[in-house]
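The following pair of complexes shares a single chain, subunit A, combined with subunit B in the former and subunit C in the latter.
Let's look at the complex of A and B:
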């Protein structure tokens, strides 16, 4: 069994409280960093680890930290993105709920490296109860002297505040999150300036995902090189994958980056294979990443085994690959309808578009409407090309990546499952039953036999 | 129109609004939390408190009280309240059932769950039962994708739902007849 870095102690009794967490080696990274390391030495370890942002973009964390501007006399902030809203993703909730102190610890150690005296953790509003768990952990840490003035006699002061949102997917985008944290609508900002220069309250800010900040703990404890020994190439360390859909064992798994996709989806250590019937398609990294047929999830276009790494999952580009994304993994069995699922995705992005950019505000609405009529047996053959055209006009034409995220699921669904869209036009009566493929699984025609 | 620009109700709920003493103390603590001149950051947390104090929704009176408390212009409060989907701009039932309808939950049967609740409660998603007990909302992903279908009621997540489990939940809530809020501890 693979080594766990974040989940090693997750099942230990009392791990949610400070005492239990400390008894299992908690807060060692704070002791090590504050007593024996300089802030730059911590940054060096993070760089050596090869850690990449775990929220979805996969940007190297050490590099992001090194961009942080440090003008004299201006406060700097660390903001943790706990606005986990990407459909399919529930890993951060699991982590914060079960082992909240690992996030608090990671925030203190990371803030020391960044020179931030205050940090915020922005928790999506629906996770109010999780925010309460974090507040409790922070209060415990403060009472024990892990937060406050002159921590461990090092001269480093730090405090953490929990902020709740109120229901808006877009606030997971880092500049929208900052707007929301400032008490405004979650409209993404135009970049540049990047948050590293002008972020929260116009001050230099690093925004990182929950899992990214938690990973700083083992990196500082064991050293960046040790962390980088796990994984393959530029995909180092472990990754939390939240698995759902039609699998036998839904849940959150900490995997070594580099295991095969086949092992992840079929072994009993992880997803445990399909929950009845046969697998049809996979969305490996949250709703925004391209959907791929099951066969193409297992094998790359060149016939190699596909691996759970950033590189391998995207091998084949957008035509035949997908992305690691946030690790929000869900699989479809052959009772599921790709058109219905694509409509569901489109409706989500339509609902969540902030409305700032016309291509996204209007385009997501059109995608929703056209897909709805196709799914209900009221579509036309031209609608398929119309959908393709609309998504092309959204992609790349918006301030933030929500537009791309709305376009890609539609593009990939048409690319790999065009025959199912055509079926919805040629079999109008059949598709009026929402369970149409549950009764009679869709059979690929020869024309679409290979993806 | 974007779903993020919802009209504010002006005709419903002329009931006056005032924060309770405990809520006011909590709001003041929130306002003092942020750096000098940045207290507007407390707006969303305070709107949650106001909603909990106003039978689960934000009337114009409630929003105006928030503006007054925080020294903000009314529009600064309205534009934020109308952006975030957890803020209700119309009166709601004693219980708001937020049922997740997004893809991972759909793969696990959320469509059937929503249909069942619509039939059982005799309302469509987005409506409130005549007795004022339940508001049914079909909402987007709640981050419970491995344990769907699911719904949120107040602060609580009800996961891995079946028709039997949701029926039992409805009966239990009806018998208890006590408002739940997102801010419940």
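Let's look at the complex of A and C:
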């Protein structure tokens, strides 16, 4: 069993409190960074680690930090994105609930590297109890001198504020998050300028995911090179995956990047295989990444074993690959209806579109309505092509990635499961019963479409 | 001065110019090159931070700059993207882009009521022009359209939210031109709406400018409602010495005989108001004797008042230069060649 970096002590008693966390080696990275390292040295370690953003896009964290503008006399901010709203993703919640101090520690160390005197955690509205846990952890840290003025006598001042959102998915987009944090309507901003130049209150800002910031702790403790030893190629370190769906053992797992997909989904250490039926499809990274058939999840189009890495999962492009995303892994067995699931996703994006730009505002609703019609046995064959055309006209034409996120699940579902969409037109009466597929599993034809 | 090439036509522009502004400069330099100008439904030169929402002005950047010649991966909003030296842009020359823009126009129309026959804006509506130029004859949308009840915001302005395309222009007017903002966007996604929060009246010297900046018939002048179709009125330039220091007093009077049916700001060839006017000029001075009439107003573009706008298209040389978004022209040329 591989060594855990974030979850190493997660089951220790009292780990949620400062005392228990400290007894298990907590806040060592703050001591090390503030006493023995310069901010640039911390940045250098993060660069060496090859850490990539864990929020979904997988952008190299060291590079993002080095883009931060540093004009004289202007404050800089670190903002932690804890607006974890992607359907299927619940890794950050688990981390913050169980071991909140690792986030606080990571924020202090990261802010030291960035020269930020103030940092913010933007917590999803539905996670109000997590915000309380974090606030308590911050209060403990402040009382013990880990936060405040002149931390550890180093002359570095830092404080953390927790802000709870109001439950909008769009506020997980970094610029919408900043707008919301400023007290405005959470509409994504038009980039450029990027937050690294003009972010919160028009000051240079770094926005990172919870897991990314937590991963800074082991990187500083053990050194970036040590961290980079785990993983393959440009996917280094460990990744939290929240697994759900028709698997035997749902939960949050910390995996070494680079294990095979087969191991992850079928071994008893992780998901433990299917729950008594046969796997049909997998969504490996949260609802916005393309859905792939089970066979294509295990093997790349070239026939090699697919690995749980950023590169391997996206091998085959959009036609035959998918994405690591935010690690919201879920699998479907053959009793599930892909059309129903796609409709469910479309309904979500319809509900969560901010309404700022036209293709997403109008297109997500259209997708939702056409899919609803298909799912209820009232669709026509042309609807499938219509869906394809609508998603094509949303993708890439919007301000923020929500439009893409709404389009990809629909596109991939049609690409891989077109025959199941057609079945919904040819067997109208049968599909009206949502339990139909549990009795008569849908067998797809052997060939994959590659459109 | 960076040099940018749009659809093969080059121009040098000052630093910080956006692609849309550069395209308009090309159009102003030579009327024949106007087809390179992308349509814009939400951008408004005089309103800060406007633009970027409607996505009709998207263009394809085929070469980023001389320094970094890589093309941009996605279409960009030309109204919010600054030009770089050596940038090359495809607007009407890229079929995939025309397809994408047609898609945006289709999206804008799916929830629009298409009640042009009873809409005061008809005849000078940017959405009409846009769909005429870029749209399809029929819609593929078969569901019930989103509807709202029309509401009065103050004595002089009517809001038909059903017709709104959420361009945010009126919100920017409320933010930037008027004091004590009581007007903004509420709700989310396709049920988002322009609202005065608690149906509060907008009472403000400059609130009437919302009517002028609205590209569709969502905000209309209650003193002109149903008085006449715009093409039956005669526009003349006029001015008066306005007491309000912020108001220029330069207006267009829309006359029927000697009767002033309505007063608006003067719009330039891109459909944008040249200088904003106060509510007194707009709503209260409906007597032609209150004004010094300068002469007939030439309506250049974006209106059926200017019949030439639609005739222009027929007189265009068939694809000698790339014709803007007119597939039937291409078809006709094909037939002719055969």
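One rule holds in what follows: the second predicted complex is superposed on the first by the 444 of 451 C-alpha atoms of A that agree within 3 Å, B and C clash if a C-alpha of one lies under 4 Å from a C-alpha of the other, contacts with A are read in each partner's own complex, and residues count from 1 in each chain.
Criterion: contacts are C-beta pairs under 8 Å (C-beta built on N, C-alpha and C of every residue); 3 or more make two chains touch, one makes a residue touch a chain.
Remember, predicted model here, so these are calculated numbers, not experimental data.
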Partner chain(s) touched by A:129 [first = subunit B, second = subunit C, both, neither]: first
Contacts of A:262 with subunit B and subunit C, given as first, second, both or neither: neither
Partner chain(s) touched by A:369 [first = subunit B, second = subunit C, both, neither]: second
Contacts of A:244 with subunit B and subunit C, given as first, second, both or neither: first
Comparing the two partners subunit B and subunit C, which touches a greater set of residues in subunit A: B
First, second, both or neither for A:350, with subunit B first and subunit C second: both
Subunit B versus subunit C as contact partner of A:201, first or second or both or neither: first
Partner chain in contact with A:396 - subunit B first, subunit C second, else both or neither: second
Partner chain in contact with A:386 - subunit B first, subunit C second, else both or neither: second
First, second, both or neither for A:165, with subunit B first and subunit C second: first
Intersection of subunit A interface sets (partners subunit B, subunit C): 168, 185, 350-355, 361
Touch list for subunit A against partner subunit B, complex: 75, 84-90, 93, 118, 124-129, 132, 161, 163-169, 180-186, 201, 242-246, 250-252, 283, 287, 328, 330, 332, 336, 340-341, 344-345, 348, 350-355, 361, 434
Subunit C residues touching subunit A - in the complex, by the definition given at the top: 51-56, 58, 73-75, 77, 80, 99-100, 103-104, 106-108, 110-111, 140-141, 143, 165-166, 168, 184-185, 187-192
Subunit C partner contacts - residues on subunit A that touch it in the complex: 168, 170, 185, 190, 350-359, 361-366, 369, 386, 389, 392-394, 396-399
Footprint of subunit A on subunit B - complex, ascending: 2-5, 33, 35, 38, 40-45, 47-48, 79-80, 83-87, 98, 101-104, 106-108, 111, 139-148, 152, 155-157, 182-185
